[in-house]
Amino acid sequence: MIVILKKIPNEAQLASLMDWLAEKNIDVHKSIGTSTTILGLVGDTAAIDADLISALDIVEDVKRVQEPYKHANRKFHPDDTVINVRGAQIGGGTLTLMAGPCSVESEEQIVAIAKQVKASGATVLRGGAFKPRTSPYSFQGMGTRGLELLKIAREETGLPIVTEIMDAEQLPDFADVDIIQVGARNMQNFDLLKRLGRQEKPILLKRGMCATYEEWLMSAEYVMAGGNHNVMLCERGIRTFETYTRNTLDIGAVPVLRKLTHLPIIIDPSHAAGKAWLVPQTAPAAVAAGADGLIIEVHNDPAHAVCDGPQSIRPETFDALSKHLHALHDFMAENPVPTV
Amino acid sequence: MIVILKKIPNEAQLASLMDWLAEKNIDVHKSIGTSTTILGLVGDTAAIDADLISALDIVEDVKRVQEPYKHANRKFHPDDTVINVRGAQIGGGTLTLMAGPCSVESEEQIVAIAKQVKASGATVLRGGAFKPRTSPYSFQGMGTRGLELLKIAREETGLPIVTEIMDAEQLPDFADVDIIQVGARNMQNFDLLKRLGRQEKPILLKRGMCATYEEWLMSAEYVMAGGNHNVMLCERGIRTFETYTRNTLDIGAVPVLRKLTHLPIIIDPSHAAGKAWLVPQTAPAAVAAGADGLIIEVHNDPAHAVCDGPQSIRPETFDALSKHLHALHDFMAENPVPTV
Amino acid sequence: MIVILKKIPNEAQLASLMDWLAEKNIDVHKSIGTSTTILGLVGDTAAIDADLISALDIVEDVKRVQEPYKHANRKFHPDDTVINVRGAQIGGGTLTLMAGPCSVESEEQIVAIAKQVKASGATVLRGGAFKPRTSPYSFQGMGTRGLELLKIAREETGLPIVTEIMDAEQLPDFADVDIIQVGARNMQNFDLLKRLGRQEKPILLKRGMCATYEEWLMSAEYVMAGGNHNVMLCERGIRTFETYTRNTLDIGAVPVLRKLTHLPIIIDPSHAAGKAWLVPQTAPAAVAAGADGLIIEVHNDPAHAVCDGPQSIRPETFDALSKHLHALHDFMAENPVPTV
Amino acid sequence: MIVILKKIPNEAQLASLMDWLAEKNIDVHKSIGTSTTILGLVGDTAAIDADLISALDIVEDVKRVQEPYKHANRKFHPDDTVINVRGAQIGGGTLTLMAGPCSVESEEQIVAIAKQVKASGATVLRGGAFKPRTSPYSFQGMGTRGLELLKIAREETGLPIVTEIMDAEQLPDFADVDIIQVGARNMQNFDLLKRLGRQEKPILLKRGMCATYEEWLMSAEYVMAGGNHNVMLCERGIRTFETYTRNTLDIGAVPVLRKLTHLPIIIDPSHAAGKAWLVPQTAPAAVAAGADGLIIEVHNDPAHAVCDGPQSIRPETFDALSKHLHALHDFMAENPVPTV
């Protein structure tokens, strides 16, 4: 951490800052220029609150040099995290396809789709039981009954299930779920994150619509700080000024996160686009950028889906897309991109 | 709602859509042009899911004409909502100043600040007991002990208290709080909103960092749909590309919301700016734009505040600012701006 | 175009609007509901100024149904535009690699790099002679001397050259350039666009940092309306809240533009990322998304480049990347993605 | 400027950097920590290209401490710049109202509006002769004939005129204009800025739709570096995710610029809002935030304005608004806000 002091800092205040830093076992390297004095702070600065220091009268600015996350940081954990769920391996060079409907609607629907996507190469079944909807008047999901139906589909196909939690109170109902999804709107629901850190199920943590990489990794850190290191990061489009697509898929997130963290990176092309026809057009870019997997909405009757129909593709499209993505993944493994 | 059909829509699918709309008591006015057919839907279209219709193969696009919120809509409730809390009246032409520290730190601190801000004209005491912090390693607030200290400060001064809830599980602890704040990061924590709709305490609903006016009003609608109509909207800066300030204060939100809704509108200049020196510079703009009140961070020792010190002003600054804002509010009442 | 009228429109004003539309040969389909009257406008509505209509007292809102661009619109020109420049074919299923330094610095530098990138598979040489720099104190490019050096490099290698124009006054100097680039900052320099529409050189039109797809296509329309239909669109990253990368590469732009327009689509991964190590990581995503080409900064000594060094890759990296991208392009041609 | 080196920097490269900096008369203060070495650069670092340094292999990151603009910087020019135009004083505690139509349409129109806004307290007449329009099919302004009509209106009223230039070639026609406006889309048309720096007319420099404060001030610096120090900065709304208003008025820009620069600050509430009814609602906020003036669109027949009618207010509204704003400006002068 670098602290830039004001031109002529009050000596007493500066001495008080130096004492406070010494107490925290932070070494300070002072560099005095003609117009600025700079303090270089060395030590475990993740525990130092930059805001506190920048509030001091003598301080002009504070700049972090090190990332404020530890458990999620690749610098301290160079090896990729690999997550195993009922035989499905996520991360570590594999390509995971999570597929299924936006919402669970009936046993018939979820079992049929589960069988289809499994046959097409999906290794995880997705499906919403509790649905975050902008309007209180929209369908809010089947709730616990939806969870039951997902489990039936799992029994029928062997596919592990991933589904979204919306409140810590629902945790007991998620005891038998395989992967717990945290939605974009809850990415900074810190109480929920803390609770998920104190249990063992893997977490699929979606990026908030306007969350920076660092904020997103700090949210992963909340889960990991509690002891649960099985976190996957899911990019699902960010909010920008462009309104043609629902959100803007940030494809650069894949290599950037690959550098910053060891956690698996999943891309959700369905929610980013908000339009079914864009899903097969953008999914290959995710694989080419090096994503560990994709989560894709598949519905056998999109026009009658009870939510988010516009972005669901049909099972037959998913089948062709899955074949394409796996072939592309093989191609990329055989043709690695150069490093700089 | 307007539905724009594709050039040559499938007749059977169109008939099926017309039947479905008829079931929902929606009248349809059809307008056939040379290149497009347009359906004008008339009736209670708030209950119609636009996404569902746009998923149909025959549909090119769907455009809403009416706002999807009812309880929060000024069209159906022309009179301003006025909220009364322990004698303090919020909305309806008054100017409410909510003031206090970012975090409650000790009985001495909160009581001292409460007395000072009351003497300066504040009518509500703010103070955080549960703090949403980006980092799990930052101070997370005093928790329930902080709530106790706020109540002591209320007893000493008579000021009603507003403080942030972070999870529905905390609700029992908030039984004796006067106004429950929902933070920007929880604006779309729909389960929390539903729970707050089923209790009676007034809600201060902060705008999410990248929430549109409509999404924000839909979140208010979640609370109101449950029966709790005492909702205040708090603009606290939105996220943009500019990084000099923490967020960008959207001053236009005040007149826009005034037109769209009857709910009181509060401005938080402290979090928008993230810099104490900007608070007295931007607060008058909020009053000039017609806000019903402001919520301002005040700390008697900003440099040692345990959180968000950089944006807290000192009690003596608040005192001068409060006098200024009240005089400005009087000026605006006597000198109304012209309407178009 | 759809015009939504206010509840009880003034009859005289409505009649006057109807007459005005009739004069413009626009047919109007009126649909009267209980709370709204809707006018469906049919005809050549591209020439109707939506702003003018929405200014009328009787109008609540105006919504466009058709795109306001014609020449650039795929609906009216279903076949891909293919641009031929000195034997290089851009668009129509080929993969074009444009490569070269940010700035031309010397004859030795530009000729050496030109030879290297040609040997590696580039078919167009890029290089800046006039440089748009944020600061007046930064190197502004070699100017006309830079153009001369580019032509020498062209003679030596046969590669056509693309370089940026910054003002219409420079046009005479660009008479012998092969492709004229319009930078992001000039995307809405309408006078420049008009002038470029009245000459014949192909244009590489970069997207403005916060330009929507529609605004970008309207800028292409400015050039095309003047008679020059040889326009390529270049996505180079948009400005968002994320600051880790210089800009955010909008990969979805490729399939969206493919649907909306027949013009070739080029991706600039260098400026989007602002970091050399990200270039080989994101370039494959562009090919996988279906781009017609890429423009990549290559420098034989990035650390001493006089501008934008941080994002330039070395010739040997470009060589490996070029091989990868061509192999990937072949793979994609043999393995088409499914359509919905 | 602070340079953060990689963990174990190559000694030869480091020595080469040190030599290069010494040549540029930059003193370097080195601070060696356990995990990082930090160089503090002291001297005239505005001339050092941070990008160049960050491209070096041994460098982890570069952070600027000082602003890269000099002429526009309040640190070096503490006194407010005051611009005098035909008797109108802009800046230095006055309130300037610039008013007039979006476009000049006829002698009758511009003279009538000029007389009305003068009677209401405007001291500068605005009006567009060359219009930047998104579509090539929209009205592009009357051109030089429009400039002639503005001069007639000036003769009739004595009001100085401000109008937009779109290309350096138009400069001869602007020889008799009083203030030359640079539009948001041309804020980084550097060739135009350089040309405007070599002439003497005052410049009204609008902020680009997604320009940071620093980029905006660097554009002012381009003009000032050429010798023309008469630059006014005009905030006209920035592009955000919110689409209800055309742009988002950044009211915080006023106090921030007041701190960073000595140049006058003008607010354009008309273009920010894009809706006439919002203009009188947001204009007072600009005065309360301390703006030096406003530029407001006034039209005597908004419904028939040939461009931007939706945001023009009528002369009678402007009259009432002008009275309000002047009274508010007096109030603010008598009731200064506290400083922190």
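What to note about this one:
When the chains are written out, they are named A, B, C and D in that same order, and each has its own residue count from 1.
Here, contacts are C-beta pairs under 8 Å (C-beta built on N, C-alpha and C of every residue); 3 or more make two chains touch, one makes a residue touch a chain.
Keep in mind that this is a model prediction, so the values were computed, not measured.
Looking at the partners of subunit A and subunit C together, the chains they share are B, D.
Placing every chain at the mean of its C-alpha atoms, the farthest one from subunit B is found to be C.
Put simply, the C-alpha centre of subunit B and that of subunit D have 31 angstrom between them. One finds 27 Å separating the Cα centroids of subunit A and subunit B. We define each chain's centre as the mean of its Cα atoms; on that basis subunit A and subunit D are separated by 39 Å.
Across the assembly, subunit A contributes residues 210, 239-241, 243 that each touch 2 or more other chains.
Across the interface of their complex, subunit A is touched by residues 46-47, 49, 51-52, 54-57, 68, 132-140, 166-169, 185-186, 188-192, 194, 209-210, 215, 218, 221-222, 225, 239, 276, 302-310, 312 of subunit B.
Within the complex, the subunit C residues that touch subunit B are 2, 4, 27, 29-36, 38, 40, 42-43, 60-61, 63, 65-66, 210, 239-241, 243. Here subunit B touches subunit D in the complex through residues 210, 212-214, 238, 240-245, 248-252, 254-256, 258-259, 272-273, 276-290, 313-314, 317, 320-321, 324, 327-328, 331-332, 335-340, going by the rule given at the top.
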